[in-house]
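We call the chains A, B, C, D, E, F, G and H, going by the order they appear; numbering starts again at 1 in every chain.
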Amino acid sequence: MDNSDKTIDLGFAKLDMERGERTGFKEVIFCQGKIDLHLLEICVALFEKNGEVFGTRATEMQSQMIKKIFAEKFPCAAVDYDEVSKILIIRKEPMQENHVGIGNIAVCTAGTADIPVGEEAARTAEYFGANVERFYDVGVAGLHRLLDRIDEIRKASAVVAVAGMEGALASVIGGLVKVPVICVPTSVGYGANLGGLSALLSMLNSCANGISVVNIDNGYGAGYIAAQINRLAEGIK
Amino acid sequence: MDNSDKTIDLGFAKLDMERGERTGFKEVIFCQGKIDLHLLEICVALFEKNGEVFGTRATEMQSQMIKKIFAEKFPCAAVDYDEVSKILIIRKEPMQENHVGIGNIAVCTAGTADIPVGEEAARTAEYFGANVERFYDVGVAGLHRLLDRIDEIRKASAVVAVAGMEGALASVIGGLVKVPVICVPTSVGYGANLGGLSALLSMLNSCANGISVVNIDNGYGAGYIAAQINRLAEGIK
Amino acid sequence: MDNSDKTIDLGFAKLDMERGERTGFKEVIFCQGKIDLHLLEICVALFEKNGEVFGTRATEMQSQMIKKIFAEKFPCAAVDYDEVSKILIIRKEPMQENHVGIGNIAVCTAGTADIPVGEEAARTAEYFGANVERFYDVGVAGLHRLLDRIDEIRKASAVVAVAGMEGALASVIGGLVKVPVICVPTSVGYGANLGGLSALLSMLNSCANGISVVNIDNGYGAGYIAAQINRLAEGIK
Amino acid sequence: MDNSDKTIDLGFAKLDMERGERTGFKEVIFCQGKIDLHLLEICVALFEKNGEVFGTRATEMQSQMIKKIFAEKFPCAAVDYDEVSKILIIRKEPMQENHVGIGNIAVCTAGTADIPVGEEAARTAEYFGANVERFYDVGVAGLHRLLDRIDEIRKASAVVAVAGMEGALASVIGGLVKVPVICVPTSVGYGANLGGLSALLSMLNSCANGISVVNIDNGYGAGYIAAQINRLAEGIK
Amino acid sequence: MDNSDKTIDLGFAKLDMERGERTGFKEVIFCQGKIDLHLLEICVALFEKNGEVFGTRATEMQSQMIKKIFAEKFPCAAVDYDEVSKILIIRKEPMQENHVGIGNIAVCTAGTADIPVGEEAARTAEYFGANVERFYDVGVAGLHRLLDRIDEIRKASAVVAVAGMEGALASVIGGLVKVPVICVPTSVGYGANLGGLSALLSMLNSCANGISVVNIDNGYGAGYIAAQINRLAEGIK
Amino acid sequence: MDNSDKTIDLGFAKLDMERGERTGFKEVIFCQGKIDLHLLEICVALFEKNGEVFGTRATEMQSQMIKKIFAEKFPCAAVDYDEVSKILIIRKEPMQENHVGIGNIAVCTAGTADIPVGEEAARTAEYFGANVERFYDVGVAGLHRLLDRIDEIRKASAVVAVAGMEGALASVIGGLVKVPVICVPTSVGYGANLGGLSALLSMLNSCANGISVVNIDNGYGAGYIAAQINRLAEGIK
Amino acid sequence: MDNSDKTIDLGFAKLDMERGERTGFKEVIFCQGKIDLHLLEICVALFEKNGEVFGTRATEMQSQMIKKIFAEKFPCAAVDYDEVSKILIIRKEPMQENHVGIGNIAVCTAGTADIPVGEEAARTAEYFGANVERFYDVGVAGLHRLLDRIDEIRKASAVVAVAGMEGALASVIGGLVKVPVICVPTSVGYGANLGGLSALLSMLNSCANGISVVNIDNGYGAGYIAAQINRLAEGIK
Amino acid sequence: MDNSDKTIDLGFAKLDMERGERTGFKEVIFCQGKIDLHLLEICVALFEKNGEVFGTRATEMQSQMIKKIFAEKFPCAAVDYDEVSKILIIRKEPMQENHVGIGNIAVCTAGTADIPVGEEAARTAEYFGANVERFYDVGVAGLHRLLDRIDEIRKASAVVAVAGMEGALASVIGGLVKVPVICVPTSVGYGANLGGLSALLSMLNSCANGISVVNIDNGYGAGYIAAQINRLAEGIK
């Protein structure tokens, strides 16, 4: 067993404690599918070492389990769970109300059904220190909804474009801004959308420039990259 | 052998002479892959019966072969071949210069590389009697190119939208017009466009209404349907 | 926030109030997957602005929720829900019994299992003002069932062909009529039908003319297009 | 090396001499991709042992090579090559003109472009002793072409249905006959036909009964099965 | 409404009463997904007209519903349901114990998990009058299990080969018998079997002759074809 | 019925009693999807013949059923069920605590979620007599976790590499060891991982040597092969 | 025709002259598939308006044609063509030897065969003003090749990772750096790499953070995004 | 540049000189697609360092280029090229005629067309020191060809099974031997074999144990693994 500074070895998991130094952002937890015992043990280990925990794709039930046990074990800890984005955050003390992130990231969604993925991206970027503006339900079927807001979107250092179905939002935004557009295809749709492959392929084949793509429904990944770019744009490296 | 009024049986082919009456438009020839002898025999049979021939996907070499033999066999026949659309038309006498079709069909392409398919659609619709307006290279990466022309496009009774890569043009037009948009995905692109499947899936999953789709690169099919709709809009049934 | 005439911004949704003017048909609601609160808020906003609401893919439970709340909030409103098509319609007052749409649209299904999709198409077209004739269970395994009715089908300005499995109905109808056939592949089948892809590919590759295709199970989309064509055929643009 | 009665071992190939006894039909040669030396050696070995050779997918050049060498080596041998079906037959003496097979197999193709595959099926069945009737270009876009001939088709003990594009011919015939329909999807088409997968899926998902399917363009396979069934129907087992 | 001799029109369904004459076997019911009311109405109509009903893919609950209502409505009717094959048969009077079909069909399965599909094939063929021998769990991982029984299998006029996973059973049997092998790929397996596509592709690409394929898990289809061939082999056409 | 030494014929199953002699390892049971009655009957037959039973993919409920009935029927039998690997083992008497296998197999997993598959591999290899070392959660996102352990991994005679998502672990290990790496792609992931196909394709296309692949989630298969190689390395054949 | 400041309308193409202002980088030419006449006309128009031209995927022959005609028409113009990247650059005067871009971008390739795509990325970024460091043939099969250079790679503001086959390089780099990694899957490989889909899926499913993906072989797209990020990191927006 | 003992850096390539020590087998060259200059430079560097070179997938023309230049540059070098396997070997002096490898590997192919892949496997294993027995054209359509040789095959320490089409050979061999079967699917076949995916899926889903799979047509990979296992079986690690 090596429980060096670099790794906490829980047997079933090896927590990468060097990640913050190596990549600039500390290790987070992908909660989906983890059994309660494992999730709890990882949360505790990270909380004790880092003083905070960030978990994605947590279920309502997982959040309640964590809340209950942390209330007993660490009475001061603030456990926040957001039902839309499924993000679970544990902090030593509650976030200050007037906390403001740095820079400017725009998170856009094509439809209402894409909001959960958009929120995962937005809250991830916020957790990693960025200021985020949200532009939801601005899909191309009613183009004026996007064009009315484009000047605000252009102020961002990075744009996250979240869309299901045919994913056309990516190309339209890509043609209108100067900064990278990180695109998240979503599984929103049915039939020939093939669980999100249709939007994924659209975004990969975009005729616009500055477009890159992450996995289907991977709001976290897009928020992470947007935070990286935003950090660089603010002079941090 | 039944060489009734309904069918001309050439052995290797059974020409459907009843099609004009049944579907409103006479049988045309899909030239691609036909050997010279078969193509010629079909052209002659249709020319003798109908007085005109319309062939799609003809190669340069096929057109020269037909021109040469028809020049000997039917000196009066006018054989026209268009290199861009690969359409071959044989008429008893040349088309009048000032011939004008009925109604109004708009054919739009996203890029320059989509023009051959757009032309196949446009010339098919013209052959079947429609007036066609062309709007080429109006893809969404430079949205103003489309928006500058949208008022003209809105005058059409049917719009044909031709696009490869991510095919976003379909959804953007669909959100801006009142009439059916017949979409033709093209094989323009590379890599993850999968020979046109990316654009095809995009169009099938469009978030806009009024969007229907034909096979990849099937300009003929879209032109045919546009001509059907245009004819109905002009009160012909 | 822009709550201009063009958009009602509910935060999670931006209702496109200009759509009616721009596309000829007002915005409708895709109910599937919407949480109760969002669905309700959108229904109320559209009802207050437009005096009517049209929702597709509503569940039985959603319809009951809407019925209950509208009964309290808008006692005069007539909320109708059709279990087969899953369509929810809210009107200021009940539809008149003897209301008749314009023109003539034929909706055909290959099998009994395709009827829900056929009804979605039929009721959509009716909502948008068309007169619809239904021809159900006329698939090609018993060809006489179709041929017995073909003369009636030929009277339509547009045909909607709904079929799962191998989708052969599309081609057979396409070869027999003069008007556009909007085809809806359905997910009816199993195994190698791949959730409807088999019928979708069949229809896209049809050897008949006049065939265009919408997404798998997208009865709404086909009904919309048929209504567009029917409107044009009746001289409305 | 075992050069027993059961196997001729050529090193690069082990000819299955027991196959005729075991399966009722002797081993044939799939010529495609074989180098000249191997093809020749196999032809010679089979000719010497069986007195005849049947090869499929032979190129024009392969046939000329075989003709030339056999002319020298076995002056009496009759080498026949059919350009359409790409079938090569070597016999000890020419086939008698008035040779008639047993029973009745119907080979139908949807279009002209499907004829090479149809001929491969027809000639295979004829080689294995069956009487074959051909019904070419009877696709469903002009349904009367098929219906005009259906009474003749119904006389067969087995039907081979060859079709590309959407492959609808299979289902229509399946609904009209009492005997097995062996379907051959062809690679005829383009775009979303995916090299024949569209027709293949159609046939596998047919709503009609009595439909089974072989590989894309596998006319040989279908002709073989039709010959098996025909043989059974003639009381041979 | 045409309630001619050819069709019983139930509105939601058009029963094909001419099918028996046209194809030799009367119409059967695909029960899967049918709502109780529709299933019942179809059973009653077919029972009244034909005196018997054959339904595939019936659930336990559907069978109980039918049994209950038929017990009231037609006290003499014998309703049989087989849990393994999910086949429901209604007869005017119970089948005689010593009833024997004609000819000889062999139904082979690779594994135990393939038996439900094998039974669907076997019982379908028996319903259509054939004598059936079953050879279950004779997959190629233990080749001697098949080779021990091959002499019995060779007595059949048609073989049905049912296999999931890699479907190798089809090729091995194909190389050992003289009669057509109708292959049914099953969805048995996991991961890269892709819901049965792996076995389906194996069977379509078989190196053996006499192999044709039906849809994944389509035991009914294979049993139907085997019965057609068996009938021909017994001199019935 | 042949209940020879080679086969126990249970009707629904033919147990291959010759397998141990032929392949070196006795027949095991794939429990998934087997009904209780069949599973029990097979367990009893194998237990009576071999004195032990090894079952994979057993559910919690199946294990309880077996435990209960064996407790009555064979009071001495030791029935062990492991919840993580879903492996069920029945022995005549409990395994000795200090039992040690031969040789050395390394089982590595990329993440925590891959452990169930890793355990299936490890316990399979242990059942077949091997000594197994486990290296879990050593994926490439934190490369030091793997490099810290590589010297231990290099001691093995065979490495099993288990990974979902992009499966990069396979290539990295492949480049660092001298022995075969048997790779198991897992279905861990979402979206474009396509149920494990992404990891499967990665492993098949590995740029490293010595990499071979088994089916998605097939820990059993990999453990079996590792045990074969380990046995050979220990001089057993 | 609108030849406004925003668009140069060449009929077959509408050059987007506003793009530089809108997106920060001027329009470039995708040369692949363009006929000589069109390519030339576009080059001339852009050269006259912008004083420079940047073309990707130009063939050797296209470059010679352009060189020849520009030599006559614009004797001062410097036409450069790079055979590896297939990039064509036309400038009013030759680039200064000692020109240095701003910032720092790292372009890494897994193998030698990925270099053409890597060079397309590198030269694109250089054209758009960035300083680029190249790290070629550092794939994971020989991990030390990458680890030896990782300190240099870490100095970059953005990393482009180019890899075919299983694309594992992306994840390994992603776990080691703080900045965005823009990944380009290449079509290098064979068989189950499916023309680059294997590497594409790997990268989309990466277990590392900070990974986004562009189309297969799209070096240009990755270079463009890297240049955007580099510009932001240098304080330009 | 690091030209350390571990790496020879040619700029376009970084040769991994540590590989022999790390993995037991020295680096080889994948010649396919390499330009002459690069291939030559790599051959020279490896020859000078290792005294021998092993290249796969070399074309006839590449081999002639290498032969010509080596004849000038290293007159003593023996350059051997095998046309069937496309393997190029350069040695300091010719291989001794009576050289015999260690152990025993069996390479089996299903058909004649699979021989090139089989030879690539066989010669790779021989180069890495193994003794190899070849069993070609033993596919399952004529099962006796395999069963006649199975006793010899069973003597091997590892079996390589090479098959295209449906790949059934893998499962049949797997059920008959005690040692690992490394399976190579080939692209031999047409239509629904999808370039080898059919055989690949078959092998991955094999019902037999001991089966692992490498990429389509990857004879080299299978030969490498077989040599690893053979080495272990001979007591070398």
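What we mean here is this: a residue touches a chain if its C-beta (ideal position, glycine included) is under 8 Å from a C-beta of that chain, and two chains touch if they have at least 3 such contacts.
These numbers were taken from a predicted model, which means no experiment stands behind them.
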Repeat of interface G-H, chosen from B-G, A-B or A-G - more than half of residue-number contact pairs shared: B-G
Chain located farthest away, centre of subunit H as origin (C-alpha): C
Chain centre separation in whole Å, for subunit G relative to subunit E (CA means): 59
Distance from subunit D to subunit B - Cα centre to Cα centre, in angstrom: 36
Inter-centroid spacing, subunit H versus subunit F (mean Cα positions, whole Å): 28
Where subunit A touches two or more other chains, by residue: 141-142, 175-176, 191-193, 197, 200, 204-205, 209, 215
In the complex with subunit H, residue positions of subunit D that touch it: 2, 6-7, 11-14, 16, 18-19, 32-34, 38, 185, 187, 195-197, 200, 215-218
Touching residues (chain side subunit A, partner subunit B) in the complex: 110-111, 139-143, 165-168, 170-172, 174-176, 189, 191-194, 197-199, 201-209
In the complex with subunit H, residue positions of subunit G that touch it: 112-113, 115, 136-138, 141-142, 144-145, 148, 188, 190-193
Contact set on subunit A toward subunit G in their complex: 22-25, 157, 175-180, 182, 200, 204-205, 209-215, 221-222, 224-225, 228-229, 232-233, 235, 237
